[in-house]
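Below, chain A partners chain B and then partners chain C, in two separate complexes.
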Partner chain A sequence: MSDTTVDYHPMWTELGLDLVAHDMLLTAIPQMYADAYLSQQDRPAGMAYFDFVLSEIHGLRIKELQDHKAAGGTVIGTFCLYVPEEIIRALGGLSVGLCAGAEWAYDQVEQVLPRNTCALIKSAMGFKMGKVCPYVESADLVVGETTCDGKKKAYELFGELAPVYVMELPQMKRAADLELWRGELDRFVAKLEEVTGRRLTFEALQQATKEVNDKRRALQRLNAARVASPAPISGKDALLAVQVAFYDDVPRFTQMVNKIADELEARIAAGQGVAPADAPRVLITGSPMSIPNWKVHDLVEKAGGVVVSEELCTGARYYEQLVAEDATTLEDLLDDIAEKYLDINCACFTPNPGRIEDVLRLAREHKADGILHYALQFCAPYQIEATTVERAARDAGLPLLRVDTDYSMEDVGQLATRIEAFLEMLEA
Partner chain B sequence: MSDTTVDYHPMWTELGLDLVAHDMLLTAIPQMYADAYLSQQDRPAGMAYFDFVLSEIHGLRIKELQDHKAAGGTVIGTFCLYVPEEIIRALGGLSVGLCAGAEWAYDQVEQVLPRNTCALIKSAMGFKMGKVCPYVESADLVVGETTCDGKKKAYELFGELAPVYVMELPQMKRAADLELWRGELDRFVAKLEEVTGRRLTFEALQQATKEVNDKRRALQRLNAARVASPAPISGKDALLAVQVAFYDDVPRFTQMVNKIADELEARIAAGQGVAPADAPRVLITGSPMSIPNWKVHDLVEKAGGVVVSEELCTGARYYEQLVAEDATTLEDLLDDIAEKYLDINCACFTPNPGRIEDVLRLAREHKADGILHYALQFCAPYQIEATTVERAARDAGLPLLRVDTDYSMEDVGQLATRIEAFLEMLEA
Partner chain C sequence: MRVLGLDVGSRTVDAVWLEDGAITDRAVLDAGFAPQEVAAELVARAPFDRIGATGYGRHAAALHFGAEVITEIGAYALGAAALHPEARSILDIGGQDTKVIRLDPAGRVLDFEMNDKCAAGTGRFLEVMARALGCEIDELGPAALAASGTVRVSSMCTVFAESEVIGLLHRGEPRESVARGLHEAVARRTLSVLRRVRAEPPLLFAGGGARNPALVELITSGMGGEVFVAPEPQIVGAVGAALHASQDRPRVPLTLKTS
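Our next item is the complex of A and B:
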């Protein structure tokens, strides 16, 4: 897939990557992608864009970031959807997710982090320590947050390797918490103004808000199509769209996703799908999934199921809430941004009844036959909240399968067996 | 040790304890206590008080709590030193720690909490689910806090079994955080006023502040004596004093600890100690230790070392900070309480340089030859911060041993070997 006429090695050298290790990574990921994605039947034609993006994820997109920086822009690395992209964009920054999603340089990572740290954090640290993530190497600033113990404390160590700024997300959603969070936005603006050398204006923030909302609206459209039966797009492809949303150029991404949504709506009208109408429909909820972590979706769909929605940070949590667009002053718009982000239902909040409602609502809307609760090992917030989700699912008459896993492939055989049994139960 | 003339079974029945299981527990703990404590040589005579307290910890003290309730008072269960005892006391409440510190009813616990939850949380949940903790059964309210992911999310499930109120401790120590925390105190006062049916007055809070400060001052005196060589008291005994501080009657405890401090000061004047002057001196830092978790202290001291200070919640973090006593209004006094508590250096804060300073200062003051970093498995804040502590210790020329463990006795042999080797290194 890769455009072999361009050699990005000089750019990667410039960024300080470990070229030998990075070449190994760039051999592994396309194989994983081919196995999970290119093997699918009847994919929407528009997914060709994502095939291209994936093939160029460390190439052309990094080149674009370098060009943006050369033109006076900045690149801001983030690791969580609570970091407001609107503000970064309005100050001439491009927001990019940091690499994670695969085991990398764990031998180095485990010298600074305990073994019992979740795979997402170990992976992000490993991509940095192993010097194979061109995104973090391009970043003028990495913005962390206090969403879990692991990330909160790991950012202290990450900060020794890259410029890190941490936003404090409160742990409840009362008026006092919104006030703290609103203040965090002011402090974030001040920090970004310092890093970018620019001044935040209402007009720029309004424009950025519109663009980022448009991205979310496009994803909403794509995902609304997944209500249909037969499902017009695989869960894997829908997951990929949100994963790429963290990295890609915003207006281009929006356009491409809307194109896919057009295609899906035509498919629905024609009664076409990627899976038989009677394929068991599964909602997946839990910990985030970074590229190339497609493990559980892949197992479900290779076993004959179809994933119809994700109540994940790389799913509905990413695109469901929009920032209100009717503010007329900068302060009001920042208030709206604060409210929108605090509205997301991460398990880091206590209590977190909104997530339970979201799970049940999405299951109902997308006609899920069952729920797969996915948690990364050692991700305490999601692992503990799984008990509450499980009870709510039971009360709603929805079968639920709990999967606690990591990025290794060691448990794939056992997981496949459990998932197959679960799908059989859903069919019965 | 127990006063066998009193049969507390009717009281325990009244509290709803599982009498059979509870009798088993009351057989096990005195054995552990005898092995760890009564086997010691040259203990201060004043420790007889603690022998008595331990023998009556589910008896006489619980009877006192019931009498207090019968007289119109309340009992407030807490689980963390961030919950301000002054406020509870000023509203006629007795603050008691909840049971933890031993593996109990894990089979039930692991049906609601993931296996990879730290022992402290599993244990507290197990004592509740197994109905063997008369403190939690006596509590009119259990007050939790958001100090770690595990507790934060486990309180949601604990709240199904007991009345729980959660205070939000912020995750940083900036002005905005102090503001949130100060607001939490107001909300806590309102909640306790509702539960106790009383109204908080300046006079009562001033009085309670003085009493709780006196308790801390007594512990400061006791622990200041541990600067001496030879050590006049074992680390185990000093740890026990702080563990009991969470449960005991405040003025009585203060008086008894001051009596021990008198004795220690006389010992120092006479050059007497509990360990040879050349015994390796160890500072222990890390996760909290609840009764009957004496495992690591016991291993260090049975191997010939002496623990000279604890940078723990059941240690210096508990008694080092005092609330200012010069406020003249209720609001000012609450400000002072907010400041004092936010000054404690728990690993839940990011960044947390104060803890590193405390560790190095305590090691210096108490002439420690080495540091033992103790973390509960799956206690991410302390396990991750251990890396920072380890580096600071190395830079200060202090050997550091990392121990990550739980409440089981399975690793005792291996730990003993590691600790013996560490002490030998300190002696060399």
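Our next item is the complex of A and C:
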């Protein structure tokens, strides 16, 4: 499927990438991918699509973005699932999640950000400063949001390097907050109309809403298949699907994920799985995981466990809520979009009981034996909320392991032991 | 059935031989620079039917000797349940790890905590401090107990604590007081982990750290409940590894047949 003879260096040069550093990055990612993904047994055949997507992560997809721009479209970069993809698509934009999952150019980053900034923010800044993310270099606009203090302040510095627009996401869920957020959508529409030179229409937004909902429905199907025992797909593969959802072509992605879901449903009917039926089942909840951050899933699954669902931004938070599709006017549809997004339970909200309910519900539905709470170090919202999640898990009789980590590999030896011990505890 | 249990740790390699559910022999060797060779030497000492391994080198032991693998946490829980069935929690201060494990009455792990960022307050920390004070690690605890006063040691980073110790000695503080202050610092840190895991007495203190009488005294007074030291604190993990591989039920409490 892959045309390996294509040389993308001219395109990368045109995008202004640092070719030497970028070549280094492109030799590291396939090694990580091979170690984490290609070493797995009995993967669904449909995952071949994702192998291909990953092999072309800075190639073919970037080419598609350039072609889209050449045809008069725009590319909008985001770092967070609160930025409504429906609106971007309805104005002829492609929404792409930006690179933020690996340690890169920290020497440069630490000249502007404190060392004790979370890995996600440092990484995003590093990929930009080190000129190795073709997505951000393709973006006509980078849309930030106020989901934590670190991001909020970092966007001010990021804005010196790229065109940045920040949406104000309220941090409570009262009527006044919905009103504020609804106003933010209007302001976002106005900004995008300015950038794209187009006018938002009801028909276009309705069409985009349907397409993005279909993507979420496909991911919901994939997640529903993970209720089965034995698990028909590894947690790592399921995580990858959501990570790719942030930047892949929407209709193609939806079709491919539905194909995998068909395959998983056939596997379930045949009693076939990727892990033994008695493998300890783990729900992972906490901070987002961007490509190529597969660290914790990899440790759990190499230790003999299976991850059965994720209450993460790169998990259920991304696909569980749908936008209502029965609006008949543009204003009503924007209301529905505002409501759907404010329904997501990020730890940046206070109080945030919805997340606790989501975690316990997913654990119950997916028959999890235990919960792994994953927080990026210095990610105060998730690190602090871990206490609330831990209490609720304890009350529900579910063992919980807290893992606070970053993108480095220096703690994997100790983490492997803690995770193995946790799985032993679940098996006993 | 004869079973060998190995605990291939960062500082020592510990072995226990079980026969028909009773301990027949044990060994504690310095891991040196080739822990798997030390393990191989122990493996070659006596014939066995099954072998289990725990510790840093457990996976290598599985590869080299076909050992069944269990984590240190699981091994300490199994070992403690067999050796000291009354224990409701375990503190293990090893070479580079500190582990706290809370057990249910049947000896199953309810909760545990283990350092993963930093080895402050572990055996290695005390080794470095002993060197800074010009004594052997075995002399450090008795020195602290002999102190008439104490000093506050603030840093728990091995490197900075060493500088702090040197500073205190230059200021003219007696070695014993500095040793006392170091133990108090380790105990404070350890007690906060014990509280986090909600460890309940009776607490079994194991690992190389349990050989230090000053730590035992400080942890005991800090716990405000029963703390007992495993008579051979370094073999608890190896016993657990052996029991994990064994199909015989141990005779509880498990004791040493020969000495």
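Heads up, the rule we're going with is that the second predicted complex is superposed on the first by the 425 of 428 C-alpha atoms of A that agree within 3 Å, B and C clash if a C-alpha of one lies under 4 Å from a C-alpha of the other, contacts with A are read in each partner's own complex, and residues count from 1 in each chain.
The rule we apply is simple: a contact is a pair of C-beta atoms (placed from the backbone, for glycine too) under 8 Å apart; a residue touches a chain by one contact, two chains touch by 3 or more.
What you are looking at is a predicted structure, and each value in this text was computed from that prediction instead of being measured.
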item: Clash or fit (per the criteria above) of chain B with chain C on chain A; value: fit
item: Partner chain(s) touched by A:Ala421 [first = chain B, second = chain C, both, neither]; value: second
item: Partner chain(s) touched by A:Pro381 [first = chain B, second = chain C, both, neither]; value: first
item: Touched partner set for A:Met172, first chain B, second chain C, both or neither; value: first
item: Angle, in degrees and to the nearest 10, that opens at chain A between the C-alpha centres of chain B and chain C; value: 70
item: Which of chain B and chain C A:Lys152 touches, first, second, both or neither; value: first
item: Contacts of A:Asp332 with chain B and chain C, given as first, second, both or neither; value: neither
item: Which of chain B and chain C A:Asp278 touches, first, second, both or neither; value: neither
item: Partner chain in contact with A:Asp107 - chain B first, chain C second, else both or neither; value: neither
item: Chain C versus chain B, contacts on chain A by residue; value: B
item: CA minimum distance (chain B, chain C), superposed complexes, angstrom; value: 6
item: Residues of chain A contacting chain B in one complex and chain C in the other; value: none
item: Complex contact set, residues of chain A against chain C; value: 399, 405, 411, 413-415, 417-418, 420-421, 424-425, 428
item: For the chain C and chain A complex, residues of the former touching the latter; value: 56, 70-74, 97, 108-112, 114-117
item: Interfacial residue positions of chain B with respect to chain A in the complex; value: 112-114, 116-117, 146, 148-150, 152-157, 166, 168, 170-172, 176-177, 179-180, 183-184, 187, 347-348, 350-351, 377-378, 380-381, 383-388, 404
